[in-house]
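Structures follow.
Below are two complexes that have chain A in common, paired first with chain B and then with chain C.
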Partner chain A sequence: MAYTEEELKKELETKEYEYGFYTDIESDTFPKGLNEDIVIAISKKKEEPDWMTLWRLEAFRAWKEMKEPEWANVTYKKPDFQDISYYSAPNKKPKYDSLDEVDPELLDTFKKLGISIDEQKKLAGVAVDIVMDSVSVATTFKKTLAEKGIIFCSISEAIKEHPELVKKYIGTVVPKKDNFYAALNSAVFSDGSFCYIPKGVRCPMELSTYFRINQAGTGQFERTLVVADEGSYVSYLEGCTAPSRDENQLHAAVVELIALDNAEIKYSTVQNWFPGNKEGKGGVFNFVTKRGLCEKNAKISWTQVETGSAVTWKYPSCVLKGDNSIGEFYSIAVTNNFQQADTGTKMIHLGKNTKSTIISKGISAGQSQNSYRGLVQVSSRAENARNFSQCDSLLMGNRCGAHTFPYIEVKNKSAQIEHEATTSKIGEDQIFYCNQRGIDTEKAIALIVNGFSKEVLNKLPMEFAVEAQKLLEISLEGSVG
Partner chain B sequence: MLEIKNLHASVEDKEILKGINLKVNAGEVHAIMGPNGSGKSTLAEVIAGQEEFEVGEGTILLDGEDLEELSPEERAHKGVFLSFQYPVEIPGVSVTNFMKTAINESRKAQGLEDMPANEMLKKIREKSELLEIDRKFLSRSLNEGFSGGEKKRNEIFQMAMMEPKLAILDETDSGLDIDALRIVANGVNKLRGKDNAIIVITHYQRLLEYIVPDFVHVLYDGKIVKSGTKELALELEEKGYDWLKQEAAV
Partner chain C sequence: MDLKEKLVSSFLAFEDSVDLDHPVHEVRSEAIKNFEAKGFPSKKEEAWKYTSLNSLQKVDFSIFPKEETTLEYKDVKKYFLHEIDTYKIVFVDGVYSSYLSETTHDGVDVCLMSSAFSKPMFRQVIEVYFNKVANKDESLTSLNTAFCKEGAYIYIPKNKMPKKPIQILHLATGNEAALMLQPRNLVVAEDNAEVQIIERHQSLTGNEVFTNSVTEIFAGKDAIVDYYKVQNDAATASLVDNTYISQKDSSVVRVHTFSFGGKLIRNNLNFYQNGERIDSTLKGVTILGDKQHVDHHTLVHHRQPNCESHQDYKGIFGDQSTGVFNGKIIVDKIAQKTDAFQQNNNILLSDRATINSKPQLEIFADDVKCSHGCTIGQLDDEALFYLRSRGIPKKEATALLMYAFANNVLESVRIPELKARVNKIIANKLGVRVGFDL
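Moving on to the complex of A and B:
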């Protein structure tokens, strides 16, 4: 059965879902609005040390003086920041007692994506049996990680348990005054993840299943900090291919990556927030600041598959500070119906012999607008910097748009910068060709889109790639014909 | 096997096929010749179910079944194969992956399981040898950067893989040099059998020296104006089409 926006909408109705700024009135929910008292209260509620409270306050004061940016190629009604409740205790009560009570269509989608029964329960909000597999898996994971000295916990826990690490690194890559949304996040971040890989340690597993199981239902102002100490390696997976719904319309996350000398971080994201209905109503605004810092010989790779959200504003970037450091950005952004995405990257070359690669694949359908915005900057000290950028757009139908905004600033003559861009359309002739070979139109589109996205899909960890591939198919179902 | 009765087809109100009658039996090879713009490719695409064309009057029967209501993929599942005059490119999708998808979709339509990987590999090896195709070629993106000859050879490779009941070759000879033509024709001949039929659309007699047809038809202005045996092709080569045009005008 085709999974369309219409069905998603139905699904949401049956679940008594309400988008907008509605929060359950529970004793633990703060009143709407944002001021210094609220910021202090959030910090208190989370039992944070004074330095953290002060840090949040400084961010809040900076934010008050800032204006919401307007340069992105997106239009939306600006949120009223005084009409949001900035803290509500996570709802621990399960919504259902068993999977039988969950909307069968939602389960159908889970099945299509190949999500395990245990994860389905977790994602749908079903009470989880204590002996279930994933719990023991999670425990095993934790043990393995601890043996290697890897710290992997919530950011709140890290602030309490590892204040020296958090204090040393938080805000060093994305300063709290960096931009409007980053400042807001710094003031009010609800929770998120912290990860530290000690010197010379190669993280033995993709931080995925564990992460996903534990992150279902994370709040709207997530904060992530990943520190890879000298010579270490970690592959980190964020997000979920399952459709995520949230009462919060506004999401403003911050992700900071720090790769010290000779370290490598692979950060993969699959984002599938509620994109709004077929008429373009509702849907999540996703304003994210992601940035990584590379010291000497370090490497950071961002890989993202963006299919959700009504409005996406996101530029995972690399500051190539150390000599011989490498930054990579691989992206697939899909927009359908009335979705708008303005996404890309910044590669800041500061060190000598720094290298960056950008591969961006935009797929637009319906009446959506999909923009790539990228900056390649080479400082005067960055001898022999090299960049290769490739931006490909695929259009479906006549009413969508694809835009490319590349910015190149070079201050060193030895730099080598290459930029390639293509725009293509899924042609009726391609579809007919596939049809003639016995492949129906939906499958044909999936085949063509997957072919188009192959270079990026190949960069995802195996298990994630398979899910992402299916997600692309689901996101575009019913968009042609 | 194929029976076309009084077929009319138009595109944007312009009638292109003006009453085609054609009967093809299992085991036969028919050649359709004719000048540019006479409707040869349209006939091929209408049989394959291209929805761009409006079919007015007439019927197309495959083994007695009316194809009118069937989508292009359903026709393919019933064994209709079209070797395209201009095969399209699909970047990032390898020839192997494309064939695997096509074969398994057809099997699914017939209620069969996916073809086991070893069987698929064996078939690919066998058919690529038949058409003298380097297997490295099969991991390249479909038709992307292929030469004209490679595209056509790849079409016939797909035909060999799909083993269709009715194959329509639309100007498969154009863009082929003499060696490639021989290889392709040899491939097609190996696929001839008593249970399948082939329609060869061509401008030139040349291909028919290699793929010898049982019948030759001349299409002119949307109608079959003359039918005959392979000698008719030679006559056309010698005299051109003008005498037929005059005959048709009478």
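Moving on to the complex of A and C:
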């Protein structure tokens, strides 16, 4: 069914209506600071049911007792949690009137990533009449999903429309008291995504937050909940390759994945938050808790490409609870200039015949610090657990650092665990080989880095992979003299 | 009164027994302050995550060794590597046993820390080396420093080599219901010197013994130091071994640790490379059963360019034993062309045994070759089948494979008699007699 412009406009208007209260509070940003009143007020703004408000309050009370973790191999000035406004209505006014006003550096990056003019405008926050393509894609997209019974909406919407599902699953994988940032997120999360795939349904397309038009400005405390019911499959994409110039310094997101019996979830992330300038000033702190739970024969696969953020603290994990379940983690973390990343995974083997694979590629350049921190745990009942881990680091220049902190805890004799890690630099002979064939050094390095990260890039969905490759090139631009 | 309070309050009594005017005493006073501030490490500390000292702190240990207990050589002969002639430094309940020992001052000094502290001729060496590489922040090392009085003192001058290997043996007789020992050893091998040392702690009864030992080793330019630690103690003996090694240009230090018994063993082995073209080797075989606990905590700090380090730790864990391996390699910015290798292989024989492994790399230089590998698995079924199809019973075949698994660590042992001895202990541990001499 073809949409007319009229219908589209109408739909958008009704959408506005749904979230009508935004208009009322456009100017109303909550005062700085965090206390129980603020938490209740956030919940009220979101028109949440009582159980949700109570849930948030419990999380907040737990958070008050907690201390910020200090074990990560990163140094930064701790944010003052009382100096943040925990709710501000999404700013709907465009930042710029035309593309000419936008930072040329940003535009340059867009061009390199091959992003269309319309999308560029949208991403940079330029006033756009209606991004025709995007909207129509989103609409048809929503229809197909609805036919299959797939629920894909914002978490606030889900709390209102599907409270039984949210209530059943939220906080089951990442408990609200799990850690400092998870507790903070549980108390104050502003929005996020909810996705439910019914029994036996194979989601026909890659679900992406990027296409969800009503998700503008999810804010700094994002909450994602993906539930794949028995025998279903979903591939979920988070983030986008375009650089996000976000004003918020602190991001503490929580992602929970639940794969019931025989289900499979593939979760891919490309993260490119503002990493701070070349002198290391500014930049986003990204403290994320991501965890997935696998029931019998289920599979969860995390793929991530991390190129942004000044400080990253992120460990997408898999709890392999069911027998024969599989956990995978593929990661590329690139740090340049003054970026710091402490990232890795946890594979908790609880069920029998569980398998996990960890492939982590760290690339450090400039004066950055890049750490891999992982845990492979095999409980005494996890017969025939199998793990293979590989962590490779590539160093560019002698002012950066690469660190590996793998924890391996095994309590079952039938477990087979392999872990290997290497650290090296780009071989001069490799560069020479390329130079000799007329490829300049910068291109040669891009080529070598791509080869180094290939195992992970291959795991990304097609479109993402192409963009991610370019992103790697851009992130490392100018890192080799 | 818990052990910490007891130790801190005993320090005053300890001061009566030592020379307060000696410069070392200032070091002791500093150290006790640090221990008092820090106390025993708890599981909350990252470095002690997998090893708890709580049960030891509840025991009422006697801290000061009583007078010498005489032991007949024939009764303890089996704990010596008696097949070859060696220098011996023997302590019985922490007190030097002149009767069992054989020391020397002929060209090299193989004697006691107590005489090194008291005699002016050693004053200069003590000033230059004592407590210089040991970590002053670490609480157990500080505790040892505070009570340091006795131990082995080995000084090998330039271009010298002692005529025979040196054995350091600590015997506990069980005269006390529970005994805490704190030996302090200093080994200095000057430029181009060479020395081989075997260290063993042995409890002769079922009484509780807790040893907190600190050894400092200095290897000068082109020096070669081989240090073997044999840990095959009674099930009531606990050991915290803190070894600190400082190496200069082109020196070679190899430390082999054989851990076969004891209630709780914690090895803190630290290598600091303070020169170029250094070779550091750390190897270990661990075979445990019962409720034993062994924790290998290694650090190799590459501070200068063109150095190498090799680590190879093999572990076989049965019953309810626990094995911990925590290996850390740090490569400083200027330590280009470093070649660091670390390997940790483990076999679990029981579902109640646990392995916690954490091979860790911290690298700040780009032109390096650093790798580590860690495996946890079982014996190869096919290899086992191969042996059994040739008529070797399952038990022997298993032992043979486990022996092979541990063997490449033994290959680099340079004292053949020691190698044979360790082989015997391994065969014994695995509980088999194979057709040939294991």
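Please note the rule applied: the second predicted complex is superposed on the first by the 428 of 481 C-alpha atoms of A that agree within 3 Å, B and C clash if a C-alpha of one lies under 4 Å from a C-alpha of the other, contacts with A are read in each partner's own complex, and residues count from 1 in each chain.
In this text, a residue touches a chain if its C-beta (ideal position, glycine included) is under 8 Å from a C-beta of that chain, and two chains touch if they have at least 3 such contacts.
These figures come from a predicted structure and were not determined experimentally.
When the two complexes are overlaid on chain A, chain B and chain C sit side by side with no clash.
For chain A, the partner with contacts to more residues, out of chain B and chain C, is C. Contacts of A:K44 after superposition on the shared chain: neither chain B nor chain C is touched. Of the two partner chains placed around the shared chain by superposition, neither chain B nor chain C is touched by A:R202. Applying the stated contact rule after C-alpha superposition, one finds that A:K425 touches chain C and leaves chain B untouched.
Contacts of A:K281 after superposition on the shared chain: neither chain B nor chain C is touched.
Of all C-alpha pairs spanning chain B and chain C in the superposed arrangement, the closest lie 15 Å apart.
Comparing the two complexes, residues 424 of chain A contact chain B in one case and chain C in the other.
Every residue of chain A that touches chain B in the complex is listed here, in rising order: 424, 427-430, 432-441, 443, 447-448, 450-455.
Partner chain C is touched in their complex by these residues of chain A: 71, 380, 393, 395-425. Those residues of chain C whose C-beta lies close enough to touch chain A in the complex are 46, 333, 336, 346, 348-378.
Contact residues on chain B toward chain A in their complex (touch as defined above): 48-52, 71-73, 76-77, 80-82, 84, 87-93, 97-98, 101-103, 105-106, 109, 141, 158, 162.
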